[in-house]
Structure formats: structure tokens, C-alpha cells
Amino acid sequence: MSASNCLRCLVRPSAVTLAPRQILQAGAGAAGAGAAGATRTFTATASPNNQMSANRPQKLRFRKVKKKGITPQGKPPLPGERKAYRKKIVLSNNNALPVAGLETLRPNDLSKQKNVGTVMALPEDVVDALRATEAFKPTQCWGIFRQPSVLVRQETVDLIKKMDGAAADGKTLRLVVEGNRISGKSLMLLQAMTHAFMNDWVVLHIPEAQELTTACTEYSPLENSPLWSQPVYTLKLLQAFKKANEKVLSRMNTVYSHADLPQIIPINSPLIQLINSAKEADGAWAVFQALWRELNAENAGRPSILFTLDGLAHIMKMSDYRNPAFELIHSHDLALVKVFTDCLSGAHKMPNGGAVLAATTRGNSPRSASMELAIAQREAEAAKEEVIPQRDPYGKKYDDRVEAVMKSVEVLRLKGVSKAEARGLLEYWAASGALKKRVDEELVSEKWTLSGNGVVGEMERATLLTMKG
Amino acid sequence: MPARLGLSAAFRSLSIRTNQLPQQQSIAAAAAAVVQARTYITDSTSSSSRTTPPRVQVQQQQQRTQPYSTNPPTESTTNNDAGVEPPVEVTPENAAALAQLSEIAYGVKTANVSLEGHKYGLPTLPLPSELHHKYRYSEVVNHATKLLMKDGKLSKAQRDMAMILNYLRSSPPPKLNPARPLIPGHPPASHLPLNPVEYLTVAIDSVAPLIKLHGFKGLAGGGRSLEVPKPIPARQRRSTAFKWILDVVNKKPSKGSGRTMFAHRVAEEIVAVVEGRSSVWDKRLLVHKQGTANRANLNSPALLMRGQRK
Amino acid sequence: MASSANALRLGLRTCSRQTQTPSLRIAAIQRRALSATATRCEGVPVPKKEEDAKLEFTRPYSPGEYLSEKLRSGDLEDWERERYERALSSWRQVPDNLKRSWSNMVNDIEESAAPLRRAVKPKRQTFWYEEEKDPDMITDEDGEDDFLENDITSLGHGKLEEHREFREYARIAVWEMPLLSKYAKPFVPPTSEEILRFRYTTYMGEFHPADRKVVVEFCPKDLRDLTEVQQRKLMKLAGPRYNPEKDIIKMSCEKFEHQAQNKRYLGDLIDKMIAAAKDPKDTFEDIPLDTRHHTFSKKITFPKEWLLTPERKKEIEAARQQALLKDAEKVVKGALVDGADVVKQYLASGAAEAMHAIPVMAGRGGKALPGGKGGKMQRGKR
């Protein structure tokens, strides 16, 4: 018995387990003739099952057994569903208290000095339009309050006044909104767009400049031009533009004939029809060009245009696209970006007036030495400083095209809000039930100081995104 | 000491031996300084706390302390004579304070501790717990946050907890299930979203088990363990409940992606607990049933014997 | 700690009493990569094998033989010869048994001392000379380690030695160091003519490869006879040796064997640079100063606005008063918002129940997925 058993120990464990029990036992009986007696006595005393478990070399494991993962229950999410969940924007919370005395914005409210420091609600149609242009971002705290509302800051009023002034003179305000992280740059764009929507401007907004230059959307060369078009993005932009500006566009008709479009649009047909003619991505760029020409038509009673872009640094560098020679394409060689940069540099003049606003971004933004230098120069010029920052003579990262674009822009630097504005904001939060404290000067001062002298996003972090409940 | 250590230590001490003399000197100097400082301290306390005018008191105090001081008396007198008086800086504030003290001392006016001597006044006691940095959050929230924490990353856990609370704040009021009654005295369902901390507390306290089963090994005979129900304290109840919730959460597939992913799953489970949909309730029920079934084991002779032996 | 280590330390100290032999400086020997012959120092003679001293005496001399041999040799003074003869005659008068016993004694001594004089050849075949005796270190005399109570222990000797050393340095400090003061020189600040600042390194007489290095520093602005353009050109010529933060050019040289040579070289170099800077052919005005080699340290200064001046204190106090007034005003008007109160009143009013009693279309809050049924506000973004 012992001999056969020991021999069996040397057999691979897999062979032992796989071999049928009867065969093994028969083999043991036949082979071990000398020890047959012993085997027989063993099998007589122990049940065959026990013998199996006793003989099997159990501890011989050559590979770590993998932990059982959690098997997902239910159907897996569809492609894009998880991203949609992540990017989902909730703009209201029915649990939040309605704020007594909260006024809804009227067309001129954002330019009134007396409204500085008050929180005002966005009108519903404007909210829809802003949503269509993707002006709201998922990281902003809209979902805590009953109704989307914004704080009117001193900078807001200044900016809106400038916009109005430029539009009245038929000029274009070209301005870059700059500031530290979470200091309200994107929200400043949103307020400008709100004002434009309320005053029947035409608003074209590029919500994330990085979508244009990080090579995540299709591109194709344009005929007879060194530029590159991005048809899919252009189509998406056109549709968002139409949805956001439907009210204004429905009043406008074409003044030019457009023969080279996929669908022939005669003179004096509705502008909506022109946009609708872009059904496929292929013709989208031609339609966009035609639309741009129509919007800039002189003496046709066209409204002012607000052209905004968030994430300026992304279009102030080489893009991630490559040309057939496998060289990187400059961002300004992308047709859509070029439209914006032409407006920003003043090379393209909007005959009906308007504003071109660009906001820089601090999260996930590439360094653009030329852009930073240009902003510093413009600020120094505006402050009439004696020493204007110059290029580092041995720096290699400068880009002439970028500096040419930003040669004559204005810069609006956002810093923290004043204490009066902070008080308005905190009172709104308290009245909404999100801040369960008595809002007096002590609390305002505390939060204002905690948030780096009133940086709005930091104030939000210190007040709304805490475990205080 | 092992020999090899001794050798290295020997060389080390060889190399530093020249430093010994100055060190001893400095220690002596420091000791002298300590003795001097001690005399300063006695001087200053006596001058401020006694009611007699300060100068006279200083002299008396000095004479009284001499016999007990470690210095020979001649030395301390020389110290005194050499003008080791505490250097009193006469600033306007000091003068005002001294004048005030003397007024109080002569009984011209009584001392009002709450008003005088404080730049910003005294705080009203007891202090609210949120003013203490260790107790600034609610007890349950703090406890649950620590349980959420992985790899010691507390600030990430706190961010997650903030997102959980904000989710609860913006989710619709729960539809309570009468079959799964919440903890008695809970606020009505429509009030919960406005108090997310209370929402979380109600959820955790409602599913918290009252008992746990303690297995005494081998007492049931035949090598089986004897399961005995045992009441558990409040903190342990909450721990158990929240760990159950986290177990369920970790098994759930996540809907979205990004930073809110985990927090929203936890929050959804908390809502499910309050609405009575969660499988945590079954766990609780099971523990309670087992406890009820095994309550006879409390009087088991084996257990009693064991208690006696101890 | 104090036991064994301290004992060892003190033991080592007594052992290290001998005067230090001056270390033999061995001139660098050039080695071949492979060599079959042993290296040796230059000038050291190779010992020849035949010259091994003839240590063995063939036969012991007797005094009679020695004296007669001396007399026979003949090159003696008269008084010597007289003495030798006297000694020889007295030796002959000595009885024979005494002579025999003396020669026996000499023979015995010679025989017993013979193995000591014989040179011991190491046995090459043994393992680590295992069989060889080591009479110097291993002795087996009984009681040789016993302490005879007539001396202090070696530990004590070590301690004494330590004290002696302390005292020696104390003596030096008290008696000899004050004498150094007569070598002291008053500090004379460099004049405006002495613009170069040299740094040398000495290792107190020891040889060191770095002691030949000389470093010179100077500020280009101190060169008065250069115009500003020329000074800027000098900075550009210096390249990375120019520190723009301190406005100093710093150069070093260690390529010659002696300090003086290096210093001379630096001096010549500076002269050359100045001459080049004065050269009007190319003023380098079109080339910007390159400072890439230098990282500017950021200097953080306390903002002046933060200083608590009396005016600032007054300002802050006024602001506090204003704030209190503002709050009081709000309280009077009933416009002061208290978050906790607001929520309490809202819940007490039953508005929350009323809000959710009516069926709401939206899957509020985070519930609605994009494209799902939802109100206008709550619709997700696609």
C-alpha cells in the first residue's frame, strides 16, 4: 500500500483529479502485487472517498489563485453612457428653499451698478439657451439651489458696460478673461452670454477649446487653402448655435445667395433654413462659412455678435493634429480656430459690433509662454507701467503668431470678490438652506479670508463642499 | 554589549573625546543660569500676587528663599547686590496694568475678570463643539468618514463624504416603507434632504444591529462554537451598519465615471436604506433572528462553567 | 557601554603611546598592466642571497688561544703586548680542571643557544603556518596575567593618559596661544583700487590636489575705466561665470601645479578680458545678456500694507465698527439671514411637504439620466 501511495504522490495533481477513481484503484491493485494485502486492508477500513482526499497532494499549488472579481450585475453601460453620467448637469434642486426676494434678471440688470453684490436668477429661456451652448460646467455647484442664479460682481458690470459701449459704436470688444483657479472666469463668460441672450445678440460659444486641438475630432484639409476644417465639430457647433439663438435667427433672412452649398439657398430665405441645410458633417464647414458671412452682413439689420471661447491656452499652441508630412499643425491653421483668432486679433472686423471674449483656464491647461507674456504685457500697458515685460531673449518657446493675435486685446483679471459681494453670496446660500449659519460680518470675514481674499470657488469649497451639511 | 559594537563605539569615543571639557563647562554655566532664573521667577510671582507693595515683598521673599536654595548664601547675596533684579520694562501698558493692580490691591475697585485684562474678551462657555478642530463635524459624519477612508487618505474620504451629503441634499425626499420602520423619532421624510447629516444619521442608526453574536469556541459540544448574543454599544452598532452599507456599495457596478462615482453609489445606497429597499435590512434581520434563536445559550451550563473558571 | 568599549578605548590609548613614525611618502610608481616582477622602490638595493650573515660560529675560542693568537698577529702597541702577555701567563697558571670546566660551560652555552641563532625558515606547505609557534604572543607561564597590586590597571593608565593630553592642550591654550596675538594684523578694508578678491585653499601643510586652486571674484562695475558698454561686454564675455543676482564675475583656475601660477594666470586672463572689452571693433550690444545659467532666487518680503501701523489699526477698528453697525442695522430691518432659522421656519411651515405632495415630472437632483423623462430644468446634458 505504502509503495503505491507514494508513487501516486508523484503524479501531477491534475492527473490525479482527472483520472476516474475506479481506474486508479484498479491500477493500485494490479501494480502493487507485493503490497496487495496492505492495500486491501486499507480499502476495507476506509471509504473510497476518504482515501481519495487523503492521497491527493492538496497543498501543491503552483500559481496564485486569482481573487474572484465582482461580477457586474445587470447590463453593462452603453458606450458613452458613463461619460454622459459624468458630464450630467443638474441645474435645480427642488428640496432647496426658494429664496425670498430673488429677482430674475432683466435685459439691463447686469450693467447696473446698483446690482453689484446681489444674486439674481437667470430667466428660464436664457437657461435653455445657455444649456444649449454648454455654458454650464459639471463642476459648478448649480445642483444645490432651487434655481440657477448668478452673483453680479463689479467686474461683471464693468465688462457688460464695455460690451454695450462697443456694440453701440459698432466696434468689437476684444478681451481675455484671466485669473487664478476657480476665480470665476467661466462664469464671467456665462454672464456675458446671459446679457447677450437677453439683449438679442447672436452668441457663438466654444465651450472647451481643447476639443478643437487635442485631435479628438475629425479633420480634413480644405481645398485651395492651407487650412484644415473639423466637419463633425462644426456640425455640432452649428446645431448648438441654432438651438441657442433660435429666437433671434428666426427673425433673419439671408442677404447673399449661396450656390456652393449642398442645398441651394436663395436670397431672402430664413437663416434657420441655411443652418438646417447642414445635415451631414461634410457640408458643415461650407454652411458655417455662409452663416458667418450672413451674420457679418453690413446694413442688413443684423444683431451684434458675441463670440466666446473657454480655454484659450489650448488654441495658443501647436495642435495635436498632423499634416501628411507628419508635422504638427499649428492651432491657428484650423479653420474654426482661425475664425476666432481673426476676431480676437481684430483682423476680422464685425460690422455690426459685438464682443470677442476668451477665458483662460488653469485646470489641465498647457503652458503657452507667448500667451502668458502677451497677457502680462497688455496688463502692464493698461496699468501704464514703466517696465513692460519682454521676451526672454534666449527662450525658445515663443510663438510669433500667438503674439500677433494678442497684440491689442484687453485683459480682465479676476481676483477675489469684495466683502460686500461675498456677503450677498453667503446670504443667498444661507437663504437657500445650504449654509445653516447666521450670516453676519464675522462669518463673511471668516469665509472671505479662508478663501484667499474672496476667491469665489474657494469660498464655495469652504462653505458648500464640506461635511458640515 | 556585543564586541563589534563596542569596537565602533570605542573609535567614536576616541574621536570625540576632545569635546568633553567644554561641554562640562557649559553644563555648569547652564546650571548656574537655572539657579538664577529660579530666583527671577520667585521674584516676579511674589511681586504680582502679593497684596503688599511689591518692593518690600521682594526683599522678604528673597530672604525667605535663601535657606532653601541650592547656592551657598554668600553667592545669592552677591547675586542680589549685583543687580539681578528682573528687568522691568516700563511701557504705558505695564504702567497702566500696575496702577490697576494697585487699585485692586488697595480695594479702590474690585477686579472684574471677565472684562479686564483681555484684548478680545472672554468667550462664552461652553464652547460649541464645532470650534474644536477635532469635533467640528457631527459625530456620525466623522465616524462614517473614517470608515470611508482608504489607505489613510482622509481628505479624499472627506471630499467623498461632502459629495454624499450634497447628493442627499439634492435627491428627492425618500418614500418610506412601512415594512421597514426607521429609528423612532426620526424627522418626516420631506425634512430629510434639507438636513443631509440627519439623513445619514437616520439611515445608519436605523439599520444598525442591536446585538452581535459572540462565538465561544468548542463550548457547544462536538467542536462547535456556542453562539451567544451580546448587546453592542452605539459606536459599534454604527460601525457595523456602515460597513454593511459599504459592502453592498462595493459590490454594485458603477453607473458613471469620475470623481463622483464612488460617492454617488454610497449615497444611492443610503437612500435605498431609508426607503427600505436595501439588502442591508435583511442582514440586520438575520442577525436579530439568530440572536433570538440563540438567546437560550446565555444560560448554557458550559458558558456558566467557563465564567466560574475565570 | 562603559564596560568593554571604554576599556578597549583606554587600552588602545596606552598602545598608541609610541612616537609616530614619519609616513614614508612613496613616489608614484608607474605600473604595467601585467608584470612578472615584483614592484620595488627606486634606490632600494636588492638584497643578495649570498650575503646572508654567517651567524654560526664554528668553534668556541678558549682565552689562551685567543690571547696567543693576538700576540702572534703582531700589530699591537707595546703596552698592549705587555698586558696580553701578562694575561696569558696568568691563564697558563690556572689549574687544568678549572680550564676544562670553563670550556665545558662555554660548550654547553653554545650548544643550547645554537637553535636560537639558527634562522627559522617558514614552512611553505603548512596551512596558514598553523604548526608554527608564536612565542611572542602565546606564553604559557603560570600566573603571568595575575595582577600584583603594585601598579594601577591599564584602564587607569589610559585614563591618566587622557588627563595628560587634556592638560597638555590646556597648557597650550593658556601659555602659547596668547603669544599668537602679536602676529595679529588690523583689518584694512580693500581700497577702490583693489577690486580683485582672491580665495586660496590651504590644508595646513598637507599635500592636497585642491590646494593649488585659486578663485577670483570681482564686480565689473568696479572697473572704473570701462564705459558701461564695455562693462556689459565684459559680463557677456564672462558667460556663465557672471552672477546677475550679485553682479559678480567669479573665475577659478587649478590647471597649473602651483598656486602662484594659477593666480598669475587668472590675473592675465582678467587683463585680457578687459582688453577685449575695451576693443571697440565689436561691442556685443546686439547680443542680450545670457542668464540661463542662473536661477534667480525668489525673495519673499513682508508686504508693507500688512504692517500694523497706528493708522492701519485705526482703519481696522473703524472697519470693525462699521461691520457691527451694518449687522445691527440689518437686525433692526429684519434683513439678517440666519441659515438655521430659515430652514427651521421653512420646515415648520409645511412648505416642504406641499412641495413634494404634487407629482413632479422631474427625476430631481441627480436622478435623471440624459434623455430620460425630465422637466425642463432637470434635463441632463448630452
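Order of writing sets the labels: A, B and C. Residues in every chain begin at 1.
Note that in this section contacts are C-beta pairs under 8 Å (C-beta built on N, C-alpha and C of every residue); 3 or more make two chains touch, one makes a residue touch a chain.
Listed by chain with UniProt protein names: A = Small ribosomal subunit protein mS29; B = Small ribosomal subunit protein uS7m; C = Small ribosomal subunit protein mS35.
Computed from a predicted model, the values in this text were never measured in an experiment.
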Fill in the blank from the handout: Note: of the two pairs A-B and A-C, more contacts are counted for A-C
Exercise for the section: Please identify which chain has its centre, taken as the mean of its CA atoms, farthest from the centre of chain B. Expected result: C
Completion exercise
chain B to chain C, mean C-alpha position gap in Å, rounds to 48
Handout entry: chain A and chain B, separation of their C-alpha mean positions in angstrom
Key = 42
Completion exercise
Whole-angstrom distance, CA centroid of chain A to CA centroid of chain C, is 59
Problem - chain B: positions in contact with at least two other chains - result: 170-173, 194-195
Problem - Residue numbers of chain C (touch at least two other chains) - result: 343, 346, 352, 355-356, 360, 364-366
Completion exercise
Touching two or more other chains in chain A are residues 81, 85, 88, 90, 93-95, 97, 143, 433-434
Problem - Residues of chain A defined as touching chain B within the complex - result: 70, 72-74, 76-77, 81-83, 85-86, 88, 90, 93-97, 143-144, 433-434, 464-469
Problem - Partner chain C, residues of chain A touching it in the complex - result: 81, 84-85, 87-95, 97, 124, 127-128, 131, 134, 136, 138, 143, 393-394, 427, 429-431, 433-442, 445
Practice task
Would you pull the chain B residues touching chain C in the complex into a rising list?
Solution key: 1, 3, 5-7, 9-10, 13-14, 17-18, 21, 167, 170-173, 188, 190-191, 194-195, 264
Problem - chain A partner contacts - residues on chain C that touch it in the complex - result: 288, 290, 292, 323-324, 326-327, 330, 336-343, 346, 352, 355-356, 360, 362, 364-366, 368-370, 376-382
Completion exercise
Residue positions on chain C within touch of chain B in the complex are 1, 3-6, 8-9, 12-13, 162, 166, 169, 343, 346-347, 352-353, 355-356, 360, 363-367
